[in-house]
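Next up: the structures, one after another.
Here chain A shows up in two complexes: once beside chain B, once beside chain C.
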Partner chain A sequence: MSEKLAILWPEIILFLGTCVVMILGLSPRIEARKACAAVAAIAIVLAGIVGSLAPSGGSALLPELMNYSKGLIAIIGLLLLLLATGTVDRAEERAIAAGQRTFDPLRATRGEFYAFFLFSLTGLMLCASADDLIWLFLALELTSLPTYVMVAISTRGTRSQEAGVKYFFLGALGAAIFLYGFALLYGGTGTTNLTEMHAYFAANGLNPIATAGLVISIVGIGFKIAAVPMHFYTADVYQGAAASVSAFLAFVPKTAGFLAILAIVAAPGWAYGTSGESLPPELRVTLWVIAALTMTVGNTLALMQTSIKRILAYSSIAHTGYMLVGVIAGPGDGSFTQNGVAAVLFYLLTYGVLNLGAFAIVACLEHDRGDTTEPDEADHIDDLKGLCRTKPVMGWVIVISSLGLLGLPPLLGFFGKVPLFTSGIAAGEIALVLVLAINSAIAAFYYLRLVNAALLSDPDPKGETLRETPLPLRRVAAVVATGGVIVLTIAAGGLMTAAEQAGTYAPMTHDEAERYLEAAGRASQAAELPEAP
Partner chain B sequence: MTPTTLANVDLVSYLPLGLIITMAVGFAVANVVLTLIIGPKREGKTKGIAYESGMNPVGTARKRFNVRFYLIAMVFLVFDVEVVFLYPWAATFPNIAPGSPDGLMWLIRILFFLFTTVIAYIYGYRKGVFKFD
Partner chain C sequence: MLYLLMAVPLLFAAVIATRPPEHARWIALVGSFVALGVTLFAMLQFSYAFGGSTQLEAHTPWIPALGVTLDVGVDSVSLLLIALTALLGPICVLASWTAITWQQRTYYAWLLILQTAMVGVFAARDLIFFYVCFEFTLIPMYVLISLFGSTNRKKAATKFFLYTFTGSIVALAGLIYVAWWHARGAGEWTFAIATLGETARQMPLSVQMPVMIAMLLGFAVKVPLFPVHTWLPLAHTEAPTAGSVILAGVLLKLGTYGIYRFVLPFVPEAVAVAAPTIAVLSIIGIVYAGLICWVQTDVKKLVAYSSVSHLGFCVIGLFALNHVGISGSVMYMINHGLSTGALFLLIGMAYERYHTRSMKELGGLAAKMPVWATFMVFFAMASVALPGLNGFVSEFMCMMGVFQADDAWAAAAGSAAQVPGSTPGPLGPWFALAAGTGVIIGAMYVLYMVGKVCFGPLVEPAGHDQHAHGDGHEGDHHLPADLTPREIWTLLPLAAGCLVLGLYPSPVLDTIEPSVSNIVSLYDDRVELPAMMPTGDTDAPADRPAEVMP
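What follows is the complex of A and B.
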């Protein structure tokens, strides 16, 4: 058990940070309350360093996944934290600073907000090192449960409360579905350990109960990654929450879901069957249908939106569909262009940076409604009109992020999408790659609408209340994310190597699996059958 | 299989149980008797009505509770769950071979767990859960 502890230090650091932040947020002294974000940032940086340098561990099937994922989580998590500054308690703190009110711990939510932020990242890091279904379930729920509260407290309006309740109930439904799938997997294989499960599948093949468990688990985890048919909450929740929290939702639960899906799909594996080079057909068909529908539904619905957050919500659904192509393609021969797992891991990084830049524009622009109320977020697409002329920095943030999400060649999104195509083709999924290509073309329409509004349109005459947020760290997050798009494009080679290594898949052969089961005290089922008379 | 008769049962092994029952009954009786002897006796209308956890026993059930009622209940729950986890830990701890490194690890683990509940308590305290004014 102690060897498990060695890979858990990042999570322990994050948890200790959570404890400090939770107490600091309730301090009557403003300096202590302001230190919350700094403590959270230090915890994330330390966890990222420890996590990426730690000895590799976690799942034996995807042995290199953990370090890459934890580094990735820390980088994007830090940017998300910068973006999340000032999400809660702004009007309250202003009133206290003006002497209109004294500090009331029951009204303050700053400590809770950052504590939940760190809790969710802790869960996400735990997902990266999961090698057991129980561990995986707890990690997924630790990722999701804090986000329900973060959505509800992110603004003072009733809209975010509605979004929080909606998110909570649908999240509970999703959790119930994949927990049911996990239970069936245990029933079908007699183990919750994913490595042992893999050995069982390699030695004995799938049985109907385990197959049902796999399919139900993946559909349930579809809630976390916002895949059809569990995508209905996405637009409403992202719109109801503050933009900084929406950016969090679009990355953190999605990454957790993809890490979980990779861990579960790796159990039967991409080297299943006698030919040894494909997913089990039932699993492939399920993922295929989900991927194709998710891309198409996401892109089609995004065409009709006028709210930027809704456009980005549907775009995040579409990106889920793109990444599922990599999950279907599998590790191939292990080289970067053919490794679908590496493609997914690299895409999570590019998507995380680009998506953050796009959501940052909503978090950074607001309509001034006077000092008495909270400023409204500038969420309508008309708010972007002429932004490159009136507020050039913000304008270019949305232009570069949109073009990046679209996958325009010189930018990062392109390098993210190419391996999805090539690995799909290498795995022989030509039809699905065609769907992916058509969907990328549809996506151009709404991303270019954003670009058109910011770059080519005249400024909206009604937009005189529009201003940049007075919160400097948010603008830093927006600029760093956009700069990151360009810097990471240049550094893409090294990141691809890291992703390629992280996507290493180590399946067992039939004989190895039987030896493994024997060593674990479980002779394979075939050996237990009585000989035919 | 021979039927167990009362003569076969070693009644001495039930002695601790008997002691605890005696102590429990004795404690209750002693308290009632002591209150009767040395307690102040102030009869009144309010004191005479049925006790309903501090609520007025007659009236509408749709009353609003102070939110602190729930906060206290939550803090109680933290410690309740803590004890639920402590019990199996305490039952397993003696089985660890003395002197093995696992023992220290187990102790550190439960101390870490207790630390988290202390954090929850400090959080509740700072939030003003125990402040009634």
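What follows is the complex of A and C.
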């Protein structure tokens, strides 16, 4: 118990921060409520520092995963927080500032918003340290449940509420599916502990019930990472929510989903197939089809959009497909070039930073109608026209982010993709790598449209009401994300080493597994389990 | 040294970004001349006796986790292409001197950045570094075309970007596959081109084939080879003059250089099998593009299609797989850069004066612009390979290489040694004959164009005169009727190059010799293909040259 607690300090810090924010958020004084964001930021920074310095722990199969993930979560989380400042209650505060209304504690939702924000990050960090199915389920749900509320309250419009409801129902469906998968896994192996499950698989091999459990779990978690066929909500929800919350959705649940998928597929491990170095065939085929479909569907549908948020939503689906290649490839011999797990972890970082920059543009540009209603986000692709000339900073943010997401060398996205290529080829998945290559080319169509609009078009004459948001922290987030792209491109080597270490996979041999089960008092039980029909 | 060569344009681009727009073109000019100077210095340091080995090397680790480095080094072919790039640098700046009047900082900065990327491609000795530079050339070119091109520029730029990006990402997959093959054998990942080449050659044919197809997809788009050439005429036509010059002069050479540097030395067995197919594609490109040229009324489009045709010669020369053919092809890369680059300059100059490129609206300009017409005729002759000018040397060598590369012929002649420089190869006289029709077509369309535009009755676009003499018409800049000294100085170096390389090509041929030998030696001890061996005289060509039949 105590060693479990020792690795959970980051989560505890975040949780304490959440409590403080919740209480502060109830304060009748507006100053206290405004401090919520600051408290949240401090909690995230502290959690990040503690998380990356803490002794490693978590799952015994991916022993180094935790620290890297928590550091990553804290960095991107902090940027997301900067971006999310002032998302809720803007109309209210404008009215107060204009003297039309006085502060009414009952109408303000600021405290709740930041509390849910922190709750979700807590869940995400818990995913990184999970070593048990029950824990994993709770962590995944702790990540997702607050996001349903965040979507719904992110703007005052009915669209957000519709998006929130849609997200909630489909999210519940997804959760039900993977919970069913978890149940089958327990039924097939007699344990919920992932290390013990791995030992069971290593000692006794797969059985049909467990295999079905694995496949169903993956499909269910597909909701979190927005993979086909669980991707339908993505575009509508991202469009309905405020851009800052969409950026949150594009990173936080996705990262949680990938950490969960890695934890689950690590249980059977990559020791099956004809060469003995791939996932169990059923699982491999499932993931293969999901990956190929996800990137193709995401990229193809993104071609037809005119809303920036919808483009980014479909592109985030495509990126899920790319990362699944790394999951299929597996850890290989552990070196960075062959380690698909490390490739996924590195890609999560590159994707997180680049995607944040792209969403930040939508959050930073708005049409001001001049009254006390909320300003509309500049979500149409035409709003980007001539941005590099009229608002150079914002223009270059979107140009660099788009080209980075496209994977154009020498930007960061390219170095995210190369390990996916190398690990995929090393694992013998040549066909899938070709699908990945072709999809990268398709993606060029719509990312170029963004670049084209911002860099090369003349400003839209209708865009007179377009202005930069008065919220300075959002602009800081956009600029920091883009600066980060450049800095991380130069420093990619060090990060790759970190990702390589984080992707360490420590499977058990058959003998070790039997000893482990014996020590756990399950040897006889394992032997007694009937051969499945 | 090579880093310096790459850093200079970048540095000046940065300076441009911080200075007022009026200074941009001067800074760019100084920058490109400094780069030219550094290039000349590098050429002096190069030891030509060992031109086949990598020289002026520098090693810098970049991303150890991936095995990626920033290693650079040049052999003689890379060096010559870098020299071509550096030579075109100042010319491009001068060519844009009056044509670009808006957003000058953007224009000149991207021009210089493009130069850095191109030098990087030729200098890189690391696969990923090569690829980074190769891809990065897209961005400056994309910006140059879509901001400074003519009416249809957006579409042209997008098409250019998408075609080449798609091709090269498949090529990347192929190249990474080679790297993995190496890693599997050697136990560690490296992207050093020389090392990977050695590994790649040991791959069995069944593996070499897909790798070759992947690589060719990437490089053929860039060349461009039929049937993936469709982006080029559009991009050329829409690009600003300097953009066209760089596109024709250097960017297309990235494709042939890629074939020279990767396809030929990496997968010789597959290349030997596929050479006839590629040759047929090249010939289709040569003839088909030539015929299209013939019916063009837009002068710039005509020259653009002629590029497709010419690059067909370049590729077929490479795939002759013998000394003459490959040397000729490398010569062709440089010559085409000089002569076609100059033709684009000339068309740009005429366009600045008349604002049209249509042959219907231009004619007999020799009367109005004698100097311009002189240059036009000169470069047109260089382009159709008039003996004594540079085009002749390279085109003749390419054809010669193709002609000689015939298994049947070599075998019938008793031994390859009877015809100096000839090696058994998969092509032969029939291929040469087919490609030769392209030469004739080339002469027809170029002479037709020159005859129409330079000679004959004077035709000028309606309303030109009042514009030229009226004041304040935007874009005219009160250019005199004929060329200004600046324009003449832009063209003279290219003309000198054409003449020198045409009359006395041996220094260049000697320079590239060692590098070409390295590649040809891979094919010398190749197992001859049984299908190509003569089994009798049944299917032998009737017009087999008499002098080699004893």
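Note that the second predicted complex is superposed on the first by the 515 of 533 C-alpha atoms of A that agree within 3 Å, B and C clash if a C-alpha of one lies under 4 Å from a C-alpha of the other, contacts with A are read in each partner's own complex, and residues count from 1 in each chain.
Methods note: a residue touches a chain if its C-beta (ideal position, glycine included) is under 8 Å from a C-beta of that chain, and two chains touch if they have at least 3 such contacts.
Note that the structure is a prediction, hence the values are computed from the model and not measured.
Enquirer: Regarding the shared-chain residue A:Leu26, is it in contact with chain B (first), chain C (second), both, or neither?
Expert: first
Enquirer: Quick check on the superposed pair: does A:Ser440 touch chain B, chain C, both, or neither? Answer first, second, both or neither.
Expert: A:Ser440: touches chain C, not chain B.
Enquirer: Which partner reaches more residues of chain A, chain B or chain C?
Expert: The partner that reaches more residues of chain A in the superposed model: C.
Enquirer: Tell me which partner A:Leu408 touches in the superposition: chain B (first), chain C (second), both or neither.
Expert: In the superposed model, A:Leu408 contacts chain C only, not chain B.
Enquirer: Of the two partner chains, chain B (first) and chain C (second), which one does A:Ala172 touch, if any: first, second, both, or neither?
Expert: A:Ala172 contacts neither chain B nor chain C.
Enquirer: Scan A:Phe421 for contacts with chain B and chain C and give back first, second, both or neither.
Expert: The second partner, chain C, only.
Enquirer: Applying the document's contact rule, which stretches of chain A touch chain B when the two form their complex?
Expert: Touching chain B: residues 1-2, 5, 19, 22-23, 26-27, 104-106 of chain A.
Enquirer: Under the stated contact criterion, what part of chain B meets chain A in this complex?
Expert: 101-102, 105, 116, 119, 122-123, 126-128
Enquirer: Considering only the defined contacts, which chain A positions touch chain C in the complex?
Expert: Residues 335-338, 403, 408-410, 414-415, 418-419, 421-422, 425-426, 430, 433-434, 437-438, 440-441, 444-445, 448, 452, 455-456, 492-493, 496-497, 500 of chain A touch chain C in their complex.
Enquirer: So in the complex, which bits of chain C are touching chain A?
Expert: Where chain C meets chain A, its residues are 61-67, 128, 131-132, 135-136, 138-139, 143, 146-147, 154, 157-158, 161-162, 165-166, 169-170, 172-173, 176-177, 179-180, 183-184, 188-189.
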